[in-house]
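See the structures that follow.
Shared between the two complexes below is chain A, which pairs with chain B and chain C, respectively.
Moving on to the complex of A and B:
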């Protein structure tokens, strides 16, 4: 319990203090709510528009979850394939980097052309921006397997499948989780950009609110998207704490 | 299981290395001759220490015997055929346990990879864990163990297959002196109980003297044999022997050879 308090209390205090300072400063300076609404105004908008925001959040969350799941599966399979030989890595890795450098805003319209309006284009956008960190981190993990353990598995005549499932993949798990932590945040960004073009979810709420000059609602929607990213990040952290607790000494202090 | 039964179950095998040579080539760098024309051997059930300065190619030699590396020239014979057909086990410089497995599951790994059923694996693993005196720690993870306990687990993992040849590559070098002597005692007792052949690579003269029946001293890289020396000490050895005059005489003989090996390579 005290550990929980230790972890939660400082950021909560920061949040309350910043919100309070922002509220007072914005009121004192008399900033137009069109430019920068006070936190209280944003909170009011969030409550008033909850019937719009919550279903939108659910839609975005669904696209992010599916996109991230795809990234995990495709990223793992791709990394295993790339790790299988130096030649495969040399031939394909440069093209995997494409996913890293692709400007998602620029190709989002293309995704709509391919997948039509709706959740499929949004899922594709979330997937494209989040797959590379999974590939790169998993590959680094698979490449870093202790050579002595590789020798040990060879000595006892382990099959390729046994080497993969009993050695390489578990060895790479901390790296996979690091990749997923990065991918979770990116998937939310990808989904919102996808929704700007493909429609649906919080992305559309942001666009509509902007057109109606409802800055408070823009803020409320953005905060919902941020909360989604944060929740995913926390979920990955929880998984990594549970699985890695006993294996890796460094994880004990993390 | 009595010592005699154990000997019948897993009798040691002979090892014969003739003219072994290994050269490491890397692009843009001069070739490194790690091992050059080494002849050595071990009789079935013998405990042989291979002694040489750090980085002299001892590990390379051991890896070739294990079949983990290929000799560029010469022949290496283990038992009747080659290393792959013989039950051999290898203990590395560090414990190299799988951090996500308990001690018991780490020890059972070799049997798992060889497709033995769960009950056989569990029984054999527990027996090996008892043999190395790690009974209380079977359910713990490597991160929760001391360096000495991790090394014991590593030793148990090697013993679980009842190897006919045990290869050890400076296994206790990273441990403190007391823990190391403790493990030396235990290894010697295990060898006596099982009758397996043991090749023990070390750079410690005292350790080689205490453990082995015979010591083979290698030169600096490229490794060659400078001395084969039968260690004239009683079979029953305990901690007190380390202070004995006979022990000191044996270490002096090995020390002289080691110094000679250094000098000849430098000349």
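Moving on to the complex of A and C:
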């Protein structure tokens, strides 16, 4: 079997099997489509409402991409600052955790008051929920640098900049990417929540479909959001393979 | 009206969750039979009623009937459930509750999607939905408002009447945004307009210092019955007499509430502390002409006409919200007359 078949066949088989079982079970039980639409009904809704779903997906994707990019930059800078000294870490890390525990649902209406209706409030929501995993994982990576290597750099009189760019960051890269994998999924959730109050994208399609009793379209929109999360996850994995292939064992065997 | 937790998200997540629970508890098949046969019970016959909002004047007749023992008098034990964001139509369809409160347009939409829900009592003969603007804009009607300089309009995404506005008026200068159940953005922006229930938000906005002006959505020609009691046709067949008794008790409750809303307002005020007594009093007064009109004086409180349902079904069809023609006769039933 080729590597491709090996990678694609198991998840595809799971997908086909689950979809088939769901379809048959829902049909056999005679469930009202208002309560739980069969996969075939969801697929039909996805096709029929494609002119609504695709532009909405593009809008959401844009907000997620910008929010995630902000999280990456801010998260990296924050983690480097926190790693610079124990004092800084103790002074600020507890407040970074704020981003992890902030109930985005409760503050989303405030984002609209601060940033106005539209994509800026949505980006802010995506950023808030996705920045912490980047900070936490990067910091863990920066903190775990092999002390022997750190001593070696010091011994050779390497500058702080060289230590950061040639040792700490490359060392922490697998952790950074783990943080980004988590952040990618969260950013999608944050953006949808943001859209519930800020408007636009798949978030509004979900609300509209609920109000108009189109349960099949609700599911179709949710699946589009899930696909967006999966695509981002795959993108982070691709970056991971490209960057880590040469030196980290994690990717060597994959 | 101003609780930040009651956001669009809250209601959306609540709907999804409650839907899952409804499936688990009642069975998604909607095949559950009502426990007792019609009219057999000597002990009080149980009826579960799902509300779609917190206790507010729109439910005045229900709370009055409960307070004054009008349900008990007819051998009924009515258990209230639901609340903001509850997926009432789905709960009724799943058989989790026998009765629920919804709007007429939701009934037609649900029937189009294969549901079996029917309306048995229409609280509001005229829809209490409105658009609230700042009086300083000086608009004289909805048509004038939308033709004026534009602004931001906050409405729940997917409301049929917004589609109706888009068809009837030119909304190109208006930015349409989601309504998050708070009047705060309205208070802060003189160019803002938002959806309201005439019994609630305008009173709250006025009490917070604004000078609001409200146009009823009905003015645009789109006027679905609102705060409608729904059930499944299957429940009606199995328990027609019991549901008929409920409707009679509810009529008496509304009669009493219209005559003197104070006692039921006190009961609701204790359950919904966000609204003070004065807001309840003003809300009850504001809604009275929408609940009782010439039609109900002839046919009884809560009565409905085929013509109104036919108009609504036709309008929803024109807006592209229905996949097929829905028979307006199938949308409502008057169990009292049938029995």
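Methods note: the second predicted complex is superposed on the first by the 252 of 254 C-alpha atoms of A that agree within 3 Å, B and C clash if a C-alpha of one lies under 4 Å from a C-alpha of the other, contacts with A are read in each partner's own complex, and residues count from 1 in each chain.
Here, a contact is a pair of C-beta atoms (placed from the backbone, for glycine too) under 8 Å apart; a residue touches a chain by one contact, two chains touch by 3 or more.
Just so it is clear, the structure is predicted and the values come from calculations on it, not from any experiment.
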Original post:
Regarding the shared-chain residue A:130, is it in contact with chain B (first), chain C (second), both, or neither?
Top reply: neither
Subject >> First, second, both or neither for A:72, with chain B first and chain C second >> reply: neither
Original post:
Once the shared chain is lined up, is A:240 touching chain B (first), chain C (second), both, or neither of them?
Top reply: neither
Original post:
Does chain B (first) or chain C (second) touch A:138, or do both, or does neither?
Top reply: neither
**OP:** Could you tell me if A:175 is touching chain B, chain C, both of them or neither one (first, second, both, neither)?
**Re:** neither
Original post:
Does chain A have more residues touched by chain B or by chain C?
Top reply: C
Original post:
So, does A:59 touch the first partner chain B, the second partner chain C, both, or neither?
Top reply: neither
Subject >> Intersection of the chain A residues that touch chain B with those that touch chain C >> reply: none
Original post:
Inside the complex, what are the residues of chain B that reach chain A?
Top reply: 63, 66-68, 84, 88-90, 92, 94, 96, 98-100, 109-110, 112-114, 141, 143-144, 161
**OP:** Show which residues of chain A lie in contact with chain C when the two form their complex.
**Re:** 29-36, 105-106, 108-110, 112-113, 117-118, 193, 195-199, 204, 206-215
Original post:
Touching chain A in the complex: which residues of chain C?
Top reply: 4-5, 7-10, 12-13, 15, 19, 22-23, 28-31, 89-90, 93-94, 106, 109-110, 112-115, 152, 156-160, 175-178, 180, 182, 184-185, 188, 321
Original post:
Which residues of chain A touch chain B in the complex?
Top reply: 146, 148-149, 151-158, 162, 166-167, 170, 173, 246-249, 252
